[in-house]
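Quick one: the structure is below, and I'll ask about it shortly.
As written, the chains take the letters A, B, C, D and E, and residue 1 is the first residue of each chain.
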């Protein structure tokens, strides 16, 4: 069984190489980069589901937070926005802190009978106080050149920093969400996280002062050189010609993708090392014990709630890192693109297909499914062409079918998923 | 003070739409809850099954319309509904036979079923788009309204009117009838009890001489029939479009769990709670209050608790709150 | 050692435990018996922190532990087994046992990641102890079997074995004997006695096998319908009219079928 | 090589799937026409290669574009459909590879200022322009107050912003703005909010087969609004087919011209079994057409060479070219002449490479669209 | 040929064989008891007889028919009833519904059988409308046996029916088992309360590591010194 691991990975590598040879190297590396990001996401989910049995269907939300972090870290600050509304924003933040402090203080001092009412009263008062400063401030920010800016911008730091920060942001959100909803049973946790992730997306979509909302933030700076600059750089051109390549712009495309790939591989390697180390240690054993039977684990002295929270936060952080990486690769944050099908269900398919509970499996699942997701498109067209071959070109049915060929993506994804699940139901690389 | 107008306003913008929307969610949730409760997995393909049933009904409706059959003032689609139901059942049984049965025999984890159902969802989504295309299809005919806002205003002389659509009424009635029938079936009949027994413990059901395949078949037949009905009624009320069915799956699941998994009554309750909370919390009470307040007075702002931007968040917040207080859902449901 | 004060637990309308007060003496092996549904398991669950009582208080060595969670009680030296075996089904028997000890450095991620040597050293010790327990339970051939594949009785043994992985102060055993072979049960009884004498464990056990109770327990507490019925030595209890009527019955009257 | 490939990169799956179907056919109609003429670059064939930009998934759009360019080896791209996907493809694939894109439907104002190395064009006008026009129409009709709802994406939001600022700049008042999400089951809450705020008319900046339709449905059902302003995404037969006379009195605007080109295209399309006047179909046709004509003018399929020709073939001076006359245009260009492509949209490219935008104002009468004026 | 005779059963759960050449048999109106150490394969043997395990070798003959290849639910219809060792009640069904499910294959009136079960286990009558999942361990066991009796089987198979049952109920259970047997039903049960069980047994089988170690009458096994020492706890 352990022999399978190098075998599968080797096969995956060969397939990517084949894509490079038969389609093109940019396509191959483009797929590889997203495979790597998908693999990281799958690792995060595997921590939660595979180690601890936490059914998180809110992956999309944490990925999006990572993406938001990429914007907030790397974009240049919008000075007008800060000068127009920075003060009020700061005041509303102060009010928020004040409200929280007041509530905490009140809960400690007020008699238990009154606690709930005092808290509620403070909450309402705080809400109005905060909105008093906050709403006008955001309106002013959003009014600044709405077609191009209309938001606060970011910190203008190198985008690489956004990756760990994206992890931290997602971890923070995960902590909050975990605190509230980890008490729920597995299936309810699912629906709660599903809802919460939708709420996160909604915030990113509607709070334009923060993220430009649906108007999208484009042009997130890159951690790697731009192709257009490369083709004008001497060392690159000389390297290209010394390698005997004819087309410098194609070479630049591949080069940039390779740079990304190296960065991503480094991140994946670190996360993988940590994940494997944790899983193979008594910590991993404890997590599996909790997953199998939480009552018994609690009776054996394991703090189930704290451990669940820990692993949940870790998993969310990993998804956040992946989200930041994805936004970096895309070079933009498009809130409307966060849909559960792509960012939650697809990731789940990766984990299950790869083999939940097994890190190597999850990573492999990330590779295979992303590859299929992308290649389903040309495959679908090819398939329809083959099917309609015997029909005369003018036949209505043939035209109808050809028009439907783009929907073969769904059909093929479904079919492939079902077939693999059928013939390797425990995943390609089972837990043990 | 103008209570009549205030009430008419509220009915028209809150009560009637919420009831209709709630009934639609309820019908969907009923189908989901059956599979969730009996076969113990969240069937993500349910939305597409609704779509598939509706599609078959539409094709049949077109055929009927083309051959001049109609049951005016009711929509012809009702006549075509059996075709949709049969198609959905056939599709459900087919997927069960070729997909789910395998995992059932292997006793896979419910999550595996859920993931597999995602596969079926993809498959059906592709199939439906290839057959009928991705476009909007409108197929409703017959009278649209039971009474319109204009009729109402004319009849009562009020400033505000209430409009009720025929499909809204049909949906509500169907939802209520179905929930009663299902409740009776599961609680009182032999096969109903056998289904609950099966959902508890398949092995033991086997030991009691219950044929598991038959239980599964019944569950799929009920769920698929409900899906076709819900899909068709939904399409009649709005329009039919394949893309929408993925979207309404979310509130449907919320309704299912809110009500308590495996509980038909819960599904209906859940549907209405989701619908009402979405509509009321985000409703702008400005004009309502203006009617209630003194003459010529109106509140300054919109008097809206929450922007409609976050309306779906309302149902999820309620869902989470309810689950924290009462983890089994409103009506004690099953936990996988 | 353990003091239960006026504890009540309601499930809906049912009073599973109804105003029970009792004490378990340090160093004793206390038996808890009573008809099915008397509330014994429920009382265990309350003491072990699985859920809080509707009213009443629990004290451990004089401290109020009513609100503590099971894992906190474990670290105070209170262990329990489950009537319906709660094994970690995807772990092997050895791993099941090795999971038990508290305070393992490897359960802290910082050590798991960056302090491998310490983790490994500690693992060796834990493994050794787990092997001893396996030896004791007479299941060495099952060391690497997944716990989910064990037979009903083997799971109960594992349940008992877990309590032997740490040095407990007090152990609550909920029907360890049910489904366990009688010959093996004898051995278990001996070792309970030994742990009690040599290591000073306090035991409280629920059991329906009266021979087992008679052999081990003093005192014996009898519960019925959520209440305390009586308490005393084995002899006192076994001859108590109420106990006989509610629990023990008047004796065996079975005959072979074919003889009739 | 003997065949030239054109990438048809559109949102075939996802929220725009129904809009895209005829668009792609429209784009391919022009390709077919050029290919069949036998005059293109000395008799080369042209084929279209489809790629799915999904509209919402930047990563998938990028991957599809990557495949089209580097694996299929297309020489130009018609696409993408949505502004978000277009931006992603332009930044990540087209610019780096020096590939030229002409989008028929990405209308976000932000695309006007994007850095494109001269590689990006669009045959649809920016939304900013439409906002102006709607503001003018409303003021001219004496409408003082309006409620506004938009589909919650970059298109809807951008359009809503420009309508609001234009209308309010001319003294009108927007009573309330509410976004609506596409593909939701129910829109009663949004309509209720807008109704509470009131207004003479409801502006629906959405899609006719999506949330926009749902909003109108809910507004009509509850009697909240009786008249609507329907920007480009809402104009289409499907809407009037569905609501009929209930929409009477509503105002529509969409890119369109009184030039005979539109009708000619509609006729051409009819022969091929789709509707040439569906939204963005003429734009798609024109996008393909000017792409190929630019190649012809430059006598090259290398984007770096023909990118400078796009504006030249689209604008005056030269012989006016209408749909169906591509063969003629190819011939003129081959002979070194000049053309002014008019096409289905009376195309006029302004800096920085987008359609100036001529809009058609329509109104619904007796359940049918009636053209009122051109702006 | 006995009423039930399982001969030469060999097989397991996919890995190594758990059962090797295991034989069990019982006559109408008789009680046969299987005893043995934990993990000997007693439950496995029961499952094999009931068709829940794929046998590699061996055959099961019941009431004159070879049923080796028959599906479990078919065996129920043929008159076999089974109470497994664990997971033997429907936890979310009420006690009464559990009993009704036991009678699922019967088409006649079941009220009388129900009353019989309730009079045998009075506590169940009290809790008839409570979900079985909320019952105590012993109460569940009673529901499980009651459920099996509702089938009116010709052969009743019980896997440790008295585990966790209070002494008084255990006595009654054994009495009832004898009573049931007297009506002409064959009873095959696994017991760890082996001494009491062998007292009422006509036949006993001592299973060790999947094969028969001793097979004799109940009395003889009770008298056998080695059996007492190694398996019955002295």
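What we mean here is this: a contact is a pair of C-beta atoms (placed from the backbone, for glycine too) under 8 Å apart; a residue touches a chain by one contact, two chains touch by 3 or more.
Worth saying up front: this structure is predicted, and the values here are computed from it rather than measured.
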| item | value |
| --- | --- |
| Contact-graph distance - origin subunit C, target subunit D | 2 |
| Separation of subunit B from subunit D, taking each centre as the mean of its C-alpha atoms, in whole Å | 36 |
| Whole-Å gap between the CA centroids of subunit B and subunit E | 46 |
| Distance between the centres, which are taken as Cα means, of subunit C and subunit A, whole angstrom | 46 |
| Computed distance of Cα centres, subunit E from subunit A, in Å | 54 |
| Touching two or more other chains - residue numbers and ranges from subunit C | none |
| In subunit D, residues with contacts to at least two other chains | 13, 21, 152, 179 |
| Residue list for subunit B, restricted to those that touch at least two other chains | 129, 133-134, 246, 307, 309, 312 |
| All pairs of touching chains, each written as two labels joined by a dash | A-B, A-C, A-D, B-D, B-E, C-E |
| Residue ranges of subunit D in contact with subunit B within the complex | 13-15, 17-18, 21, 152, 176, 178-180, 183-186, 188-193, 195-198, 209-210, 213-214, 217-218, 221-224, 238, 241-242 |
| Complex contact set, residues of subunit C against subunit A | 48, 50, 69-71, 74-75, 79-80, 82, 86-91, 95-96, 98-100, 102, 104-109, 111-113, 116, 119, 123, 126, 162 |
| Residue ranges of subunit A in contact with subunit D within the complex | 22-27, 30-31, 34, 146-148, 205-206, 213-216, 218-219, 226-228, 249-250, 252-253, 256, 326, 329-332, 334, 336-337, 339, 342, 373-374, 377-378, 381, 399, 403, 405-407, 409-410 |
| Subunit C partner contacts - residues on subunit E that touch it in the complex | 13, 29-31, 36-39, 42-44, 85-86, 123, 134-139, 141-142, 160, 163-172, 174-175, 178, 181-182, 192-196, 199-202, 218-219, 229-234 |
| Residue ranges of subunit C touching subunit E (in the complex, touch as defined) | 11, 14, 33-38, 41, 83-84, 139, 142, 149-154, 156-157, 175, 178-186, 208-210, 246-249, 251-258, 260 |
